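Several structures are given next for inspection.
Next come two complexes, and both contain chain A; in the first it sits with chain B, in the second with chain C.
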Partner chain A sequence: MEALVNQLPIGLSIGAVLLLVALGLTFTFGQMGVINMAHGEFIMAGAYTAFLLQDLLLALPAAFLVAGLMGLILERAAIRHFYGRPLDTLLLTWGVSLVLQQLARDLFGAPNVQVAAPPWLTGAIGILPYNRLFILALAVAGVVAVWAYLGHTRQGRRTQAVVQNRQLAATSGIDTGRVDMLTFFIGSGLAGVAGVALTLIGPVGPALGTYYIVDAFLVVVAGGLGQLRGAVLAAAGLGLLNSYAEFWSDASLAKVIVFAAVIAFLQVRPQGMFVLRSRALT
Partner chain B sequence: MIRKHLPFATIAVLALVAAPLLLEPFRLSLLAKYLCYAIVALGIGLAWGQGGMLTLGQGVFFGLGGYSMAMYLKLAEGGGLPDFMVWSGVEELPALWTPFANPVFALGMAVLGPVAIAVVLGTLVFRQRVRGAYFAILTQALAAAMVILLVGQQGLTGGTNGMTNFFDLFGADLAADSTQRGLYLVVAGVLGVLYLATRQLVNSRFGRLLVAVRDGEDRVRFLGYNPATVKTVTFAASAGMAGLAGALFVPVVGIISPALLGVVPSLELVVAVAVGGRHALAGAVLGAVLMGYAKTAFSEQFADGWLYLQGALFILVMTLAPKGIAGILGRWRSARAT
Partner chain C sequence: MRIPHAILSGVLVISVAACSGTQSGTAPSEAAGGSEIKVGLLHSLSGTMAISEVTVRDAELLAIEEINKAGGVLGKKLVPVVEDGASDWPTFAEKATKLIRQDKVATVFGGWTSASRKAMLPVFERYKALLWYPVQYEGLESSPYIFYTGATTNQQIIPGLDYLKEQGKKKIFLVGSDYVFPRTANKIIKAYAAANGMEILGEEYTPLGHTEYSTLVNKVTQAKPEAVFNTLNGDSNVAFFKQLKSAGATAESMPVLSVSIAEEEVKGIGVDNIAGQPVAWNYYQTTDNPANTAFVKAFKDTYGQDKVTSDPMEAGYNAVYLWAEAAKKAGTVEVEAVKKAAGGIALERPEGLVTIDGETQHMYKTARIGIVQPDGLIKQVWDSGKPIKPDPYLKGYPWASGLAQG
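Coming up: the complex of A and B.
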């Protein structure tokens, strides 16, 4: 019973990491239907930004800008020519991700590097260290910011309009190209922020993003495309499931259990927890 | 009639007669390795090119086939426990391993194991109309989970190192040139037969239905067919091919490890199919052989450059020639005809 309670905060903190990583994806994958395999490399770029600056609070906005600009360039240069061909985008962005990984290896070297955690993050409340709490707080802040942006700003509402019906939004005078650009900028920027957060719990290496990207996609699939509340619930759920599965079986079986759980969940809700209702057929 | 089969016959003669005579043993066994990948690519071409199911987890099926074969080879050596089990402190043979001492069972599992998994996964996923990008992501997650499982169960699977040091196959010395030449002929023969069978399937009524499902799943459903069945059967066939390829790969290359079947190797084969041309089965095969060759050639020269080249090639193919080499050839041929 005690173990059951102890696993809870661990699970939630895994969930928070997943949520931070998946938050950017709810933008690019969820809103625009673009499977960006280079998202993991934007996370890596954010982490290396933190490594270069070695200052957590400065790194957060800097990483947002760096990763966001990388996303913006990728969208303008390549992805915008691929709208409506999601599977091709997946392969294209994977090519980009390979190049970026090798670039990181050439720039920073193949071995992992460390980012020193600021002194005010050492310590713990109970079994939860401050750095995990910081990530949890960052995830909450990220969700609130995204929610506020989408629901309560002019540009955010335009984004929602484009998601719901691109043609109609364009006819109503919304510059959809601009919306796409901005959405991609924010989504990629959030990946950068997630990268900074990841430096608090582990070393930074060229393959950092690849460890998280698959799980993050599962979060978006289970939560429902472009659904903020779905992403939050799915991240928490998958995080908890991961920690309990690891506790009861072992780390290697946990991933298989999580995968089976997602498949089982899709039997009940094939389109994820929350679905954007539409009358479109496919 | 003769004209139609001429290209295939020429390539078959080249592959079965000329290559074993002209290539030195080392190159021949490399070619055998590429042909193993080509079998997987053929399956991807069927599932993705014809059926529109982008499967990013073929490595899982390839690995299941490979591990089945490797388990048999390890047990056939005799001399008690496989070496890696002794190293990781396992004292008696796990129950999972015992039936693999039988070659028929091992080969059967190499094909039927992947087919069974594909049928279960396909039924569950396609029946719920989960498709496109969702399906791609799920297969990729399967590949990721599989690697973690294989690495974690060290005593059963050999962990990160996988299994290697195989010495003989059905009594023949695996290191001998004659065995490797024989294996090459088997691989090339299997690829040829599977290619013809797949082409037959694609040209059949079922193949037309498959393309229809790719291009308009709902319309096919309204016509009274069940797209889920069509897709599941196709996915299972491609999984079986990958499994068989894995089983052939192990004696040819002499190793199977998680690094050969994870997310990246699975994607690399999809890349190869895209480069060769996803809508043509021959394109898929060609792509796998070319990319395999390019990888060896470039890794020998400059190890780091390969990732740049592969990434760049991929971006270029996707932007400029989404139909791959086969698409370019097709355009060239139709331009010449007019």
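Coming up: the complex of A and C.
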């Protein structure tokens, strides 16, 4: 029974990890419709930033900048030439992801590296260790920041305008190219922040991104494209489902159950939990 | 009409000549003649397994270099032909075929995962070529064209269980990655436990590359085992040990005995997360032996002072020396002669005395249990006293009867 109760906070903390890796994707995939397979490698870049700095709090803003700039360069140099061609973008960014993985292997070596967790994160409240609580708090802070940015800043409202109707936004004098650039910067930067958090609980190596990319897309698709509340609910739901499914079966079967559940759900609601009515990039 | 024919046949003659020309050009470097012997090295140099296999290739290259410096084999220099298996099992089979048929290598050193070995096995048996496989594995195999220089189960897993039994650990939890090695190993462990009054409290598998261990850690800590037997492989170990430690589990209260974590992996997991935990192997960088002192020094001098040496690296390094010794004894690098000469060859290696068992083509090896130290190296706390005779089918263990079939 105790184990069963324990699975509830565990599920929420799994959900927090999912939300954190998916938050950046709600921007690049959700808002802009770009299937960015290199999103995982921006997470990896954030993790390696934490490795280089070996200071968690310093690494968070630094990783945001590093991953954000990588995203910016990718958007300006390549992706913007492929807007409206999702399959080409998919192949392009998948290639970029392979290049970035090999680059990490050449720069830092193939074996995993170690990021020392700060001593103040040692300990636990009940079943949840401090480092899990930190990730939970970071995910909440990330959601609040994204919500505030989109809804309550000038730039955020411009972003929403471009998502809802690109042509009209452009004729209203919004520089849509600039908005795309900034959206990609923020989305990629958030991936970097997630990477820093993941060093607390997982391996730090060239393949890091590949372990999270599928889960991240799953959350965004189940939640509904461009929907922050959808992503939050989907992450929490998938986290809990994962936690209890694994508890009653095993890790391999839990993955099957989660995927089957998402597929079944998308049969009923093909556009995810929440649907954005828009004339977005098509 | 005639003229084009003449031109055509002329072209044909020239191209045939050119073909045979290139063929005779490579002939002197083939196994039989010339001043060189080609040997193949086939490991994953890219992809998910590169992390481990690159270090084995490095150790094998070091052995080749050392042998060449000492005069080579049968008066000829060894020339390594290095191929990339790319962590992809069909690629291993394809590259093995290329090394055998095209490069005509005298022998191949290669593989890491059981899947790559299983993919290469039919190729080597078909062409009657020789493979030296350098990693501990799940046993239940004995191909006439493979020499196994890593441990089989009775030289690593069973001694690991003997150690836990000696420590008075009776309630065990099994954690492993979901593929052939952990599942076979756990079958053996369960049979051992049944025969030795141990209780298996749980058996859990996670997919390769799995990184979310909070549920599994909850299951393990709720079951309250006295020890965990860990057959996780690769990056999962990092996530498992980090999350186990932050859940408050310690090596004192619940030791986790691992069979896939060596010096190289300790660095990536983070010493803080695994210090004090036991591991089972046949060799450690700290193994006290003049041959090992020389090996560690040579490896660091060649590849960098921050590099560590591990069991699979040492087994790969040994493989080259053992093959060279067999070729010298046979007086040729011809496969059947080398196989015949190999049985009974005994060499002092970094892990101590290694003897080739001619019947199974496995090695006699000393089993060792070590504890991960705060400096990242592993200190031996227990050994089997003498090299253990390899028994891949566990014929010498009555409780294991029936495992080979299932």
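Note that the second predicted complex is superposed on the first by the 276 of 282 C-alpha atoms of A that agree within 3 Å, B and C clash if a C-alpha of one lies under 4 Å from a C-alpha of the other, contacts with A are read in each partner's own complex, and residues count from 1 in each chain.
By definition in this document, contacts are C-beta pairs under 8 Å (C-beta built on N, C-alpha and C of every residue); 3 or more make two chains touch, one makes a residue touch a chain.
Computed from a predicted model, the values in this text were never measured in an experiment.
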{"item": "Which of chain B and chain C A:Ile127 touches, first, second, both or neither", "value": "second"}
{"item": "Touched partner set for A:Gln114, first chain B, second chain C, both or neither", "value": "second"}
{"item": "First (chain B), second (chain C), both or neither touched by A:Ile35", "value": "first"}
{"item": "Contacts of A:Pro61 with chain B and chain C, given as first, second, both or neither", "value": "neither"}
{"item": "Chain B versus chain C as contact partner of A:Arg105, first or second or both or neither", "value": "both"}
{"item": "Contacts of A:Ser243 with chain B and chain C, given as first, second, both or neither", "value": "second"}
{"item": "Partner chain in contact with A:Leu200 - chain B first, chain C second, else both or neither", "value": "second"}
{"item": "Touched partner set for A:Ala251, first chain B, second chain C, both or neither", "value": "both"}
{"item": "Partner chain(s) touched by A:Phe259 [first = chain B, second = chain C, both, neither]", "value": "first"}
{"item": "Shared chain A surface residues [contacts with chain B and with chain C]", "value": "102, 105, 210, 250-252, 255"}
{"item": "Chain A residues touching chain C - in the complex, by the definition given at the top", "value": "2-3, 6-7, 10, 13-14, 17, 102, 105, 110-117, 121-122, 124, 127, 129-132, 200-205, 207, 210-212, 242-243, 246-247, 250-252, 254-255"}
{"item": "Footprint of chain A on chain C - complex, ascending", "value": "46, 48, 50-51, 54, 178, 204-207, 209-212, 214-216, 218-219, 222, 235-236, 238-239, 242-243, 246-248, 264-265, 267-272"}
{"item": "Touching residues on chain B, where the partner in the complex is chain A", "value": "54, 121, 124-125, 128-130, 132-134, 136-138, 140-142, 144-146, 148-153, 216-218, 263, 267, 270-271, 274, 304, 307-308, 310-315, 318-319, 322"}
{"item": "Complex contact set, residues of chain A against chain B", "value": "29, 33, 35, 78, 81-82, 85-88, 90-92, 94-99, 101-102, 105-106, 210, 214-215, 217-218, 221, 250-253, 255-256, 258-259, 262-263, 266-267, 270, 281-282"}
